[in-house]
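Chain IDs A, B, C and D follow the sequence of writing; residue 1 opens each chain.
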Amino acid sequence: MNLHEYQAKDILRTYGIPIPPGEIATSPAQVEAIAAKIGAAVMVKAQVHAGGRGKAGGVKFCKDAATAREKATAILGMKIKELTVEKVLVTKAEDIGTEAYVGIIVDRKTKKAVFMVSAAGGIDIEEVAATTPEKILYHPVDPRYGLQPFEAQQMGFFLYGDAKQARAAAKIMLQLWTAFVATGCSLAEINPLVVTPAGEVIAVDAKMVIDDNELDRLPAVAALRDESSEAPSEVDARKANLTFIKLDGNVGCVVNGAGLAMATMDLVKYYGGEPANFLDIGGSSNPEKVVNALRIITADPSVKAILFNIFGGITRTDDVANGIVTATKANPLKVPIVIRLTGTNEELAMKILKDNGFSASSDMDEAVQQAVALAKGGKAA
Amino acid sequence: MSVFIDRNTKLVVQGITGRDGSFHTKQMIEYGTQVVAGVTPGKGGQKFEGTVPIFNTVADAVKATGANTSVIYVPPQFAADAMMEAAAAGVKLVVCITEGVPVLDMTRVYPYVKETGARLVGPNCPGLITPGESKVGIIPGRICTPGNVGVVSRSGTLTYEVVYQLTRAGIGQTTCVGIGGDPINGTNFIDALEAFERDPKTRAVAMMGEIGGTDEQEAADFVKHHMKKPVVGFIAGQTAPPGRRMGHAGAIISGSAGTAAEKIDAFKSAGMGVAQRPKDFVQLIQERLK
Amino acid sequence: MNLHEYQAKDILRTYGIPIPPGEIATSPAQVEAIAAKIGAAVMVKAQVHAGGRGKAGGVKFCKDAATAREKATAILGMKIKELTVEKVLVTKAEDIGTEAYVGIIVDRKTKKAVFMVSAAGGIDIEEVAATTPEKILYHPVDPRYGLQPFEAQQMGFFLYGDAKQARAAAKIMLQLWTAFVATGCSLAEINPLVVTPAGEVIAVDAKMVIDDNELDRLPAVAALRDESSEAPSEVDARKANLTFIKLDGNVGCVVNGAGLAMATMDLVKYYGGEPANFLDIGGSSNPEKVVNALRIITADPSVKAILFNIFGGITRTDDVANGIVTATKANPLKVPIVIRLTGTNEELAMKILKDNGFSASSDMDEAVQQAVALAKGGKAA
Amino acid sequence: MSVFIDRNTKLVVQGITGRDGSFHTKQMIEYGTQVVAGVTPGKGGQKFEGTVPIFNTVADAVKATGANTSVIYVPPQFAADAMMEAAAAGVKLVVCITEGVPVLDMTRVYPYVKETGARLVGPNCPGLITPGESKVGIIPGRICTPGNVGVVSRSGTLTYEVVYQLTRAGIGQTTCVGIGGDPINGTNFIDALEAFERDPKTRAVAMMGEIGGTDEQEAADFVKHHMKKPVVGFIAGQTAPPGRRMGHAGAIISGSAGTAAEKIDAFKSAGMGVAQRPKDFVQLIQERLK
C-alpha cells in the first residue's frame, strides 16, 4: 500500500524527523488559508500515487498565499498518469543548499532491509543507479541487531563532510529505521534530504510503501488507505481478498495462484488473445471469493469471454464450482465462460458443474484456446 | 532416492486442527506420509482423527514422537513464531505453507532458522512431495508419479500444472519442491538444484520461475557452472504488468529489473532448455532423458 | 537500584500486566481512606528494601478499612532489618488459587537475560532452588531476537496445564520482558503470580532491580530512587560517584578499584585489624572525589585510622594527593592517616604530599600494618 | 612471545581526543605501542599530537592504516556502539576500558563481536601489556618487565599491585591481561589461560579473581584438565560484604553463591597455588619457576 507524501511526512514527524510544516487541502480557499498561516513562500504539491508529479505540473512554488490559491486551482482536479488530483499538500518552501537521497527497502538477495544513501538526491534514485552507481552507498541492516548508531554515522559521513550535518543525517536515519520497522514498510525514502543554507538537515519529500501483509496487525496504518486514489475495481477486489490488476484485453481470467495466473495470461497471448486482467483468487478459497471475482470481471464491458483456470491444491475445486453456480444463478452471465479445473476434490466439482449445466475441461491449453476463440466472437470448440 | 523428504520423514503438523491444517493432514496421511504429531496450543493430549497425538508445543511433540520435519498451516500473523518454534524444537526441515507472512518477519526468521541448522521451505509455498514416499504440504498426490525428474518452482499451482502434464506423459518425479513466491524465503532454486545434482536418482530437473528478483539468473549461473544434469526452465509473467509490491528500488539493489526476457536469456546462456508453455516441459524433458 | 514493590507494580501495570489496584500511604488515616475506596478486604504491605517483610510482621491482611487503619498504625514506623517503614502499599486482597514464580535476571554464565519460572511460587525462589531445583525452568533469552511468543507459551505450559492460564501467563511474560528491557533491569520478578479461584492470572507481588549503569539514560527511572530507604552515608557517597559500603571495623579505607579495595580489606583483616568500610573511588579520578571520600569516612566516629591505598593507572596519583591536601586543609583530620600510593604520576604525587607535610609509602603491606596498629592506638611504625 | 598483543599490534584509539583517551594515548606511544590512528567523529583529518591521524569512523581508520587492534576510551553510553563499530570495521582485538557499560548492552555486544570473529577484552578493564613490546590500555608501563609469567585478572589496580610486586622481585611477565570485572565481558579467565598454555614463552600464570560468579571455579576446572603450566591464584573479597548488584538470584543460575571460600577450594582441588596476600605471589611463582 502506498502512502501519500503528506501521510508519510506525518508519520516521520512523529519519529522526530525534521520536516517543514504543512497541511493538506482539498480546495483553493483552504490552500490560501494554510499558506497565509504559514506566512512565507509555500510549495503546493499534488497528492497522487504517481511519480513525476513535478514534471506533470503538480508541484508549484508559490511566493505568497494569493499565488498559492491560483496555482492550487490549476492543480486540484488535474490528471497525473490517469489519477485525478483530489488533495494538495501546502508546505513551507525551504531554501535548499544541497539535496541527498536516503532510502530503505527490503532486498530479496541479502534477505535484509537495506539502506541506500546518495549525495546525489532530488532526482530519481533509479537515474542515479543507472548513470552514476558509485554515488550510492548500500548498507544492509542486520535484522537481529537493528541499525546501530555507528552505522548511521558512517552513512552520515558518506553524505556530508561536515560533522554536524553528518550527525544530523545519522539521527534522521536512525529515526527513519525505527519508523520503517514500526510502520511495516517495504520501502521508505526521503528524497531530497536537504541541507538548508543555514546548515539544517531536513526532509523535504518522503515516500513510504507499506507491506500489505502488515496491515492486519497495524490497523492505524491500514486506516491511512486512500481509496479515492485507486481504481474502483481494484478497491473492490482487495476488499474481497482478491489480487486484481486491470489490463487492456478481452479475455477475463480467474485463476488460483499468481504463477499459474501469469502463465495463463502468457498462454492467452501465446494463442493470439489478450487478457483483460490478472486475477488471483489465492489459496484457501471459499465460494464467496469466486462470486466476487465474477462480479468484478463481468463489470468490465470489454470482457468478451471468461476463462477459469483452477488447479486445486489448498484451493478446493468444489468451492470454486459452488461459487460459479451461486454467482451465475444470481446474475446470469452475458458472455461465454470456459471452465478448466483439476486437483483437490475435482470429481465433486465436476459433478456440481454438470448438475448445473456447465461443462468443464481439465486441459489448460484447450481451455485457453477455446476462451480466446470465444472472445474473438468465434464459437466454442 | 529423493531430496529433503522421503519415507523416513516423520512429520509434525502445526495448526493441525485448523480448516486447512486438518484437511491437508488427512490428505497427507492418505498419501502415506508418516504424520506422527500435531500441534495446537490448548489441545495437547487430544488426538487428531483418533490417531495422531496433539501437543501444546512443537518441543513437546518432538520429544514425544521424534518428529524430524514440520509443516505449518497457521494464520499469517502467527507464522513467523511457528517457524521459529519448529526450528528451536530441533526439527531439521520446516515447511511453511502459510501465505501473507510480513516480509520484515521473514528478515528475522531467516537467520534464526539458519542458526539452528534447520532447512526452511517457504513460506507461501505448496510444500514438497516425493511421489510414492511422502508428501509434506498441499501438492495434490494424484498428479504425481515416481520417476527421475526433479521439479522446483516458485509457484504453487503452476507446479501442479507442470507436474500434471509430466505425469500424464509418463514422466515421473523424484521430488517436487515448491519454494514459494515470497521475496524472502528459506530455500531458493540453487539449494534445490544442488540437492537434485547430488541425488543419484534424479536425471533431469524442471524449474519454474517468475518475473521479479534475480533468483532465476543466479540459478542459471549455478546450472552453468556446477551442474552436470540437464535443467529445463520456464518463466511465468511475460505478459504481466510490472510487479507493484516493490517498485523499482528493489531492482536497483539486485542490479536488474527481473523481467521475463532477462531470465529467459540467462537460461539460454546457461545451456538450459526453455519451455514457452507449461506443456513444452514434456518434450524438452523427454529429449533430455533419452 | 532497588525499586519498591509499589514502584515496580506501577511500571508493570503500564506494560499491561494485570495487577490488583492499590495506592501508597504514609499515614494510618490515608490507609483507611484508600481501603474504604477499594471497598473490599485489603493487604497493607510495608515498602522497604528488605526481604522477609511478611515474617517481620510488615504485611497484613485486613478485612475492612478500620482494620487496615489499625494494622497500618503498627506497621508504619516499625523497623525491618534496620530499615524504618515510611510507606505502606494498600492493595486489594485477592483470593489465591495457586501461586507461581516468574523472574528474569541477567546471568553471567550464559551472558544473557534468563527467565526462571516455577509453579512453586509464593516463597523465596532461593528456597525452591535449594530444596526442589527440578521445579525451576531456566530459559535464556537470545538478546538478538528477544523473547519470542512461542518461548513464552512453552513457559506458560510449564506453569499451567490449563491452556487459558498458560496463554495468560505467556502474555504476562512477554510484557515482563518488554518492561525488563525498557526499564534497564538486572532483575525483575513476579512472586507470586497468582491464579485466582475465578481462573484469572494476576501479579500479586513484584520486584525490580535496576542496573545502576542504566540510570544516566533513563532519567524517569532514576527519579524513582527513594533516598529515605538508604543509609545517609551511602546516599552521600553515591552522589559523589563513590562506591561505599559501611562495615563494622575501625580502619577507614580509601582505595581505587574494587579488586584492590577488597584485597586491602582482606589484608587489614589478615594483619589483625577490622575495616570500617569498603570505599572505591573508581577510575578516572579527580581531587573532588578524594575530598568527598574523606568527608564521608571522617563522619564515622568509629574510624580510628585512615588508610589510603592508591595504585595509579587511569587514576592519577597527583589527583589523589591534591584531594588529600585540599580536604585536610579545609577540615583538619582528628585521626591518623596512612598513605600508600604508586603508579601514574607517582613522583608528582609524592612531591605534593611531602610539600604539605604528609609522608607516604609505596608498599601495601607496610601501609596496612601501620594503619592497623594506629587504629588499635599503637604508634605509627 | 606473548598473548593477544605484541610488537606487531597496530592500534586505533577510539575517543583519542577525550581526557582519558588523550592522556593514555600519550602513555602508550611513550611505551612504544604502534598507535597508528585515532577516532573522534568530526575531527577526521586532524592529527593527535601532530603525529597520529584522526578519523571520523573506525572503518576509515582501519582502511587507511591497517589497524588490527582497537582500544576504547569513550563515555559509557557510547561504549556498546564503539565496541560494535570496531568489530564491524574488522579489527581482530577490541579492548574496552570504559567503566559503567549497561549490562543489557553487553548481552547484545557480546554475540555481535563474536560473530565478527574479533576478540573483545573488557569492558571495565585496564587492558593488556606485553612488557617491552606493546601496551594497550592503562596498565602503568613502568611496573612491568619482560619475563615468562602470564598474568590475568578481573581487577584493575589489583593487577598492578601483583605485577608491581613480581617486577620488584625480578619476576618478569609475558603478557598481563586485565579481563575486567563486569558481569558480562568479552574474554574470560579460560580464554587467557588457554592462550598462556599455548604461548611457548609463558612458564607460569598468576591469576587474580574476585568474589561473585563462577568464572574462577570454571577456570580452576580448566587448569586441572587442560593445563600443564603451573597457575597461582588469588581471590579478593574474603572479608567483603555480599555483593549488592545482583542479589542471590544470579547465584541460583550459576548454582553457586560465588564466595571466596568456594573459589579458593576450587583452586586447591585443581592443584593450583593459592596466594593469601598479593605479595605471596612472589614466592609461589618463584617456587614454580625453579
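Just so we're on the same page, contacts are C-beta pairs under 8 Å (C-beta built on N, C-alpha and C of every residue); 3 or more make two chains touch, one makes a residue touch a chain.
These figures come from a predicted structure and were not determined experimentally.
Common neighbours of subunit C and subunit D, listed by label, are A.
The chains other than subunit A, grouped by which ones touch each other, come out as one piece. Each chain gets a centre from the mean of its Cα atoms; the one farthest from the centre of subunit D is A.
Subunit B and subunit C, compared by their mean Cα positions, are separated by 55 Å. Subunit A and subunit B, compared by their mean Cα positions, are separated by 28 Å. For the pair subunit B and subunit D, the distance between mean C-alpha positions equals 50 Å.
Contact with two or more other chains is made by residues 108 of subunit B. Across the assembly, subunit A contributes residues 144-145 that each touch 2 or more other chains. Chain contacts here follow an irregular pattern that is not a line, a ring, a star or a complete set. Which chains touch which is summed up as A-B, A-C, A-D, B-C, C-D. Residue ranges of subunit B in contact with subunit C, taken from their complex: 41-44, 56-60, 78, 81-82, 84-85, 88, 108, 112.
Listed in rising order, the residues of subunit D touching subunit C in the complex are 19-20, 24, 27, 76-77, 97, 99-104, 106-108, 110-111, 126, 138-140, 143, 153-161, 164, 181, 183-184, 208, 210-211, 213-215, 234, 236-241, 244-250, 252-254, 276-279. Within the complex formed with subunit B, the subunit A residues making contact are 103, 105-114, 116, 125-126, 129, 136, 138, 143-144, 181, 184-187, 189, 209, 211-214, 216-217, 245, 247, 255-260, 262-263, 265-270, 275, 278, 282-284, 310-316, 342-344, 364-365.
Of all residues in subunit A, those touching subunit C in their complex are 144-145. Chain contact summary for the complex, subunit A toward subunit D: residues 145, 148-151, 153-154, 157, 163-164, 166-167.
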